[in-house]
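Sending over a structure as structure tokens; questions will come in a sec.
Going by the order they are written in, the chains are A, B, C, D, E and F; count residues from 1 in each one.
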Amino acid sequence: MLSEQPPPRRRRIQPLDAMVSPRFGQVATFARLPHDRDLTDIDVAFLGVPFDDATTYRAGARVGPSAIREQSRLLRPYNMNVDVYPFDVLNVVDYGDVDVVPGSFIETAKKVEAVVATLLDHRVAPLVAGGDHSMALPLLRAVHRTHGPVHLVHFDSHFDFWDQHWGQRYTHGTWLRRAYEEQLLGQVLQIGIRGPQFTRDDFQYAADHGFRVVTLRELERDPEGTIRHALDAVPSDEPTYLSFDIDVVDPAYAMGTGTPEVGGLTSREALGAIQALVGHWLVGAELVEVAPPYDGPGAITSLLAANLLYEMLSVMAKNTSQGLPPPGGPEPRRDFGRVPR
Amino acid sequence: MLSEQPPPRRRRIQPLDAMVSPRFGQVATFARLPHDRDLTDIDVAFLGVPFDDATTYRAGARVGPSAIREQSRLLRPYNMNVDVYPFDVLNVVDYGDVDVVPGSFIETAKKVEAVVATLLDHRVAPLVAGGDHSMALPLLRAVHRTHGPVHLVHFDSHFDFWDQHWGQRYTHGTWLRRAYEEQLLGQVLQIGIRGPQFTRDDFQYAADHGFRVVTLRELERDPEGTIRHALDAVPSDEPTYLSFDIDVVDPAYAMGTGTPEVGGLTSREALGAIQALVGHWLVGAELVEVAPPYDGPGAITSLLAANLLYEMLSVMAKNTSQGLPPPGGPEPRRDFGRVPR
Amino acid sequence: MLSEQPPPRRRRIQPLDAMVSPRFGQVATFARLPHDRDLTDIDVAFLGVPFDDATTYRAGARVGPSAIREQSRLLRPYNMNVDVYPFDVLNVVDYGDVDVVPGSFIETAKKVEAVVATLLDHRVAPLVAGGDHSMALPLLRAVHRTHGPVHLVHFDSHFDFWDQHWGQRYTHGTWLRRAYEEQLLGQVLQIGIRGPQFTRDDFQYAADHGFRVVTLRELERDPEGTIRHALDAVPSDEPTYLSFDIDVVDPAYAMGTGTPEVGGLTSREALGAIQALVGHWLVGAELVEVAPPYDGPGAITSLLAANLLYEMLSVMAKNTSQGLPPPGGPEPRRDFGRVPR
Amino acid sequence: MLSEQPPPRRRRIQPLDAMVSPRFGQVATFARLPHDRDLTDIDVAFLGVPFDDATTYRAGARVGPSAIREQSRLLRPYNMNVDVYPFDVLNVVDYGDVDVVPGSFIETAKKVEAVVATLLDHRVAPLVAGGDHSMALPLLRAVHRTHGPVHLVHFDSHFDFWDQHWGQRYTHGTWLRRAYEEQLLGQVLQIGIRGPQFTRDDFQYAADHGFRVVTLRELERDPEGTIRHALDAVPSDEPTYLSFDIDVVDPAYAMGTGTPEVGGLTSREALGAIQALVGHWLVGAELVEVAPPYDGPGAITSLLAANLLYEMLSVMAKNTSQGLPPPGGPEPRRDFGRVPR
Amino acid sequence: MLSEQPPPRRRRIQPLDAMVSPRFGQVATFARLPHDRDLTDIDVAFLGVPFDDATTYRAGARVGPSAIREQSRLLRPYNMNVDVYPFDVLNVVDYGDVDVVPGSFIETAKKVEAVVATLLDHRVAPLVAGGDHSMALPLLRAVHRTHGPVHLVHFDSHFDFWDQHWGQRYTHGTWLRRAYEEQLLGQVLQIGIRGPQFTRDDFQYAADHGFRVVTLRELERDPEGTIRHALDAVPSDEPTYLSFDIDVVDPAYAMGTGTPEVGGLTSREALGAIQALVGHWLVGAELVEVAPPYDGPGAITSLLAANLLYEMLSVMAKNTSQGLPPPGGPEPRRDFGRVPR
Amino acid sequence: MLSEQPPPRRRRIQPLDAMVSPRFGQVATFARLPHDRDLTDIDVAFLGVPFDDATTYRAGARVGPSAIREQSRLLRPYNMNVDVYPFDVLNVVDYGDVDVVPGSFIETAKKVEAVVATLLDHRVAPLVAGGDHSMALPLLRAVHRTHGPVHLVHFDSHFDFWDQHWGQRYTHGTWLRRAYEEQLLGQVLQIGIRGPQFTRDDFQYAADHGFRVVTLRELERDPEGTIRHALDAVPSDEPTYLSFDIDVVDPAYAMGTGTPEVGGLTSREALGAIQALVGHWLVGAELVEVAPPYDGPGAITSLLAANLLYEMLSVMAKNTSQGLPPPGGPEPRRDFGRVPR
């Protein structure tokens, strides 16, 4: 709980005012926030991870962060769904992208971990746009450094806990097994599983390892309620990480992704799914697998992604306004020297 | 109520017969109806208003009327949803477009008002395809001349009652405040509001001014029923105007629009929403904000728009067949000289 | 019922292993199965019918089979919806396409009938990708040769039983009347009818001829349950043919089709609709009217089509595993000489 | 030569004035001319032939006329290339489309021939937008009725004189052989042949039948000059018909076509090629094989097609202004009864 | 001539290093330069003017600056065409966009003029991306304040000197007449005129007013040489402004524009056309009329625009390196107070 | 020279006959050739390498082979440019794709080298479709095993001889340096260099290492002649390898590529460039960097790529027919055991 008064703010970060500066103008940053690497007074940093070399099907997620920024121009200050002004509660900046190393998961993962560790050292929570899902691994590694094992709420149409593809241990389909093996995780909740599967055994694997699986079919009647119910198993005041693969949404709403599966969530259901996290202490969140080359002229996948990230941010803000610790953590960190950069 | 026999028709207007002339052929007019400016015996005129200079985000609605005509080729004579043959009950023509004045809201608004006044003087109801939403203002002005204040049923994801953008009083987001200030309106019903908002105060503004707001979330469980219930407040035999912004529909179904908001109506819900108006005397209707450059190769936004316009027309026809006045008005007007043209 | 042991298999057909050969690679065949015309030991053959000269609106379905193959790369071995490994239960190959005769329905129909008769003579059930819907007629003719009248489960937004278009008796809108006239059919169930109609009389025609019509509106609340209920009238152990026009699905999910109708099924509902057929002896199935030139960059219509075909195949496999005859027929045929080829 | 004064015109046909009515507005007709079937005082009629069932590769040309009309909105009154105001010299209308019979070349050809014969009976020259190239045959039949054998200037990347495809004698690749067999032609000039060929023998066939072939390679250095030189063999005061297949242009400039061949003309060269016909009495002209579904968002193929048709019309106008007979013929016809309609 | 040593630079501005930071990553600014409004030590500022309400045909140029920034990621430090490292010679920043006022040319023009005047007051030359061509007027007004009448090199397929459209005096087709009337211009050179024209009289208008017109046809044989020759009339050491309308390029290379004209320059010719300006003192340059919604998936129009802007910048740099004054002007200005901001 | 009679062929491989089987039908293989891994009697194998993890900008080349196969349906038996029937002279099959290892250049390169070595061991020349350019390295390694150092004719807009990107030594921009370092090459000819460069020093690097560079500008006047002249330095009877990066072509003709550069070759020039190689003993050829997600609806980049591969094959066939050794090598190899597979 946040027991003491926050220190007086030295600066207030706000998006460009759409009533002064038309939203189609100016350099594209997330939500038209400042692009800034000064973390003073910042609570949340939008961060792009333009890496897609760990995809197993369609490539293109490397331009996801850029497309999401472009479509985030339409976001506005007040979230009526969870009744919060996220940019009033939290100071948010667009931190830019990690300088990834195309062709090397290993090198890129090091860089991602280092950047996110820097954020967390400053009590800044990461709000990440991928890029492919493999980068959840270094993100979780960095989060683990600060918070220890975190609960994982994982929206996806795929399990992502395979051991390898073609002998490769690090792909967008194996990050969860690696994270599990590295003991980075607390409770694991997988929501939205559907579509043709490699094997029925995957359900057994999930059960054997204590992953709670909510298939798409289980969600159909009452997505938000079902998710809230499943979240009951996750202690609400313990650090939770949200990993949202856009392919949990149906291709009609999100065709711009690398491994689309028909029969998914609608956009309303996807928004509701994130709103279900109000009350759970989110210490980081990611939206991955947007592949803009497969999006249509209206760029609706990136637009949805921008809105989902805004919803995640709003959950963080709502939580903070209701007395949960801020997403970046409850108190100033003292151990900045620990993190290699 | 229609108490006397209509005069014998001198002409019967019908779409081209698809069983003789394939629907992909011939010059594209709305529903393959005649393009005609002779208003004799006409009940409803399809009218395009290809203006988009009052948009605040993506442009392109100027080619909306053209694209809607093209996709309206697929419409057929019988509406099974409301059980009516609209072209048998009402004589409908494609009146063409208003010759707008790009770059000038003021000059265009004058032209739109004049053209629609001409239609109404001939007891012809306007069925309008935009163009951006700003043109609702001159449309309501013209309707007001004939009918006095009209009830407004407004489908939209946005409130559209802001005072100005960048000092501009006439935009696609301010027309409703202007119409209210000009006392053109009776009851106002706003349906479908959702997405990130500029401010929470807008809900208060609506309440303060007596606008009934039905948010998207309120609609989710039973859209048609909820709308019918909300319509109870609108006297069914008083003139009602329908303003339908295509962005009330989800971008998956209508990506071709200027200010898309995720989480909207499905196409089935949108059709049902219009069908809910059966029994309410519609004296005019508009479908606005279709921006074809952002539509996909299948042109499904324009196709949906054409179907929604057909549904509006069918409501008008159903009403007429059930004893409500025809959409153009209950009796011949005598005061043609009053309207400046 | 399958009363005797199947003969020992000489070969086991499986898709390429995605864990060895990435799914975006290698020549595109349906589900990455072998392209093979040797029917030995085969239970089901995927067959393309790239004909679109009987379309009445947008052309392009001729490239449907090719696009569906391309998108079927994503299919995987286990169907969690109906709990079956279809490629373990049934041997399936990609038989290639019929060499159609563009411009001639008559010549093409002869070829289609001959090819499908060959398949059926070998106890191989056809799993067909169109092409336009007109080819259901020669398909049903071939099926009738082997099985006699078959029950028809027909998903579509259109009735398809008109007598002619422009004097043409063979179009994608008349095949059902021809099939009825030729007495190829048992029970006829038409599911998904919606949108503007040519005439109210069509409903009477259906009723007069004993066709059970389930409109889209009747489906809305509980699609799968409604369909299961309607299927009660179809004896489950009698040969049934499934004809699925992709336009029964909403254009948001399936814009790539020739005669799109707004207000259709979602992808989840479409999958459920096919799953409702578990327990009915499917002796053939087709997915028609995919028109890839009108699909978007994500090719989601073809992707959905591939998944729907996979679902049909899974129903066949599930049935077989539960004791119904295999889709190709209960016993070896003895009369190969009967069929002209 | 035109030796007598033309009768006083009763009407003057002009496109809508772009300075009054913005070009993106109003119903789309060719060059924004009136859509009219009254042939009184008309010299040239734009006519669409939306037939594509004789294509051998990609379909979609059926929506060519519609797309060309849409893009022809940009045309203006003065042609600076040949220094003429075509709409001042000639009265031109948009006659609409032939009501084709999809699926039947034979029935459609009859209709096309009848419509064009009607035009020619009224001394109205056809300016035709396809549709596929097969319709050149009925067009030439109709032209032959009035003018006897005509010289043919044929721009194409393909020979189009094959005997059949798949047993079909009437395709977009056989019309020229049929026209030759039916003795409809005088001199034949084939310009632009290139790309992979079926056989070297086709060049021999051309030579054996007296067709003058100018390959693309021969054109490269000086397209307009080479064409002018080749045209020397065609008597300039004898009726000449121009058949222009858009695929003679490179796919970079005209990707929206059914059988694209790389290495073709640029747009400048294509315009020059048509300008080379100034001085030759054009009695009809066609632009075929525009397949809009394969065009990009800018619709540049249709835009080019509209400009090429405008260039053809300008050649007709220039010729008329320089003393050649008008394109519809030198004197009133007396034998209207001869043509079956 | 630059006779004295430049003062020591306090900062060196360089694009992000592509060998460290992959070009698809990080916030999109022009050429990956810093987005900065501090004009200290700056020579050239990239400035977006996202206004398109003065277009007479297709809208969409408002998102031109954003799309050009995105595609400018590919630019590199060394220009081999004119042998210069532009970012070594000149300090360049991305200044962001003018906050335009959609719907109002007047208000927007004031803002554009003020921003550009600010740049020029700081001896910073504007490198502008439109937006529609109407904004050349306020740009020239601002340039005139500093430099007096400037020579205008105007690449376009249209004359742009009409008096009005629909009564509107300020459109993208009238700016040149206004600029002429306001006596902002020295020599005027119009290059690339082609396509259907409103009237032959426009050529006379140009001649009467001393505008040198080089039609596209005159350019065909040797574009760069012809342009160099035409430039002989422009004194090389007097301030010259370059206005480049992307529609001077052929739609095959630049389909993403509002008023495309077939038969235009190739990309090689367009690059050569700009290179021809080496040796002429460029004090400002603009690239206008890129309309991204009409561009294809490869965004090649925006890519070409980015390269053309780079070529303009390179000309400025080359000139500076060869002893011409820097583009911002030869000496520090003293009269900062004169400009209203 | 080939001094002895070839052994009698046991089989004749031909594409499917388009006059029997329409080209839009059947499973897509290169040029509609058989998909076969039996190398008996085969001279050339089409091989796809769907790898794109070494791209430095836009991804997507992994689906290049699939898209090129699809567009190669249009190829025909006779090449009029070089006067040869390639499929009569050479037996060609579609060998399928290498099973690449996404994410690992090293593992993929091993596989590519092994597959190509197998081909060469059977005297089968590789005709390769990429994938990104990095795979030229294992291709050259395999070719070197059989032929020793080969001359390299390299069409590209980029040098591709950088030492590393982001510390990665194996990218699509470094393969040439690696190949040089590994001494795999004889003469190196780089044709088409253009666009913004990283540094002027690259030209010096080329000169220092004996690479002959022909910039795009040098090519402009007479591409084919200039290339033939440059090829004079390459002994015509020594093994030569052709590496063609599609980005040497202008984006108007080939927008579907990962690193497009404006100002490139036209399609005619590109075809001529390859034809210039007639007379040079081609022992392998590759066409790389086609990125279909960035191609337009007409897929013209893939179409051009298919034609360029056909032109390469035709050069091989023409050479063989004129007495040069067949592309797979002059005599049966004896040392099959040497190659590890």
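Operating definition for what follows: a contact is a pair of C-beta atoms (placed from the backbone, for glycine too) under 8 Å apart; a residue touches a chain by one contact, two chains touch by 3 or more.
Here the structure is a predicted model, which means the values were calculated and not measured.
Peer 1: Looking at CA centres, what chain is most distant from subunit C?
Peer 2: E
Peer 1: Rounded to the nearest whole Å, what is the centre-to-centre distance of subunit D and subunit E, using the mean of the C-alpha atoms as each centre?
Peer 2: Centre separation, subunit D to subunit E: 40 Å.
Peer 1: Round to the nearest whole Å and give the separation of the Cα centres of subunit C and subunit E.
Peer 2: 58
Peer 1: If I count partner chains per residue in subunit A, which residues reach a count of at least 2?
Peer 2: 20, 22, 24, 56, 58, 62-63, 99, 102, 165-166, 250, 252, 266, 293-294, 296-297 - these are the residues of subunit A that touch more than one other chain.
Peer 1: Where do chains touch, given as pairs?
Peer 2: A-B, A-C, A-E, A-F, B-C, B-D, B-E, C-D, C-F, D-E, D-F, E-F
Peer 1: For subunit A, which residues are in contact with subunit F within the complex?
Peer 2: 52-56, 58-60, 62-63, 99, 101-105, 107, 165-168, 170-171, 293-294
Peer 1: Touching residues of subunit F toward subunit C in the complex: what are they?
Peer 2: So the residues of subunit F in touch with subunit C come to 20-22, 24-29, 35, 48, 50, 62-63, 65-66, 69-70, 94, 96-100, 102, 293, 297.
Peer 1: Taking the touch rule as given, give the residues of subunit B at its contact with subunit A in the complex, in rising order.
Peer 2: 56-58, 164-166, 193-200, 203, 215-217, 220, 250-252, 255-257, 259-264, 266, 293-296
Peer 1: Across the complex, what residues on subunit C touch subunit A?
Peer 2: Result: residues 18-20, 22-24, 73-81, 83, 85, 250, 252-253, 266-268, 271, 296-298, 300, 303-304, 307, 310 of subunit C touch subunit A.
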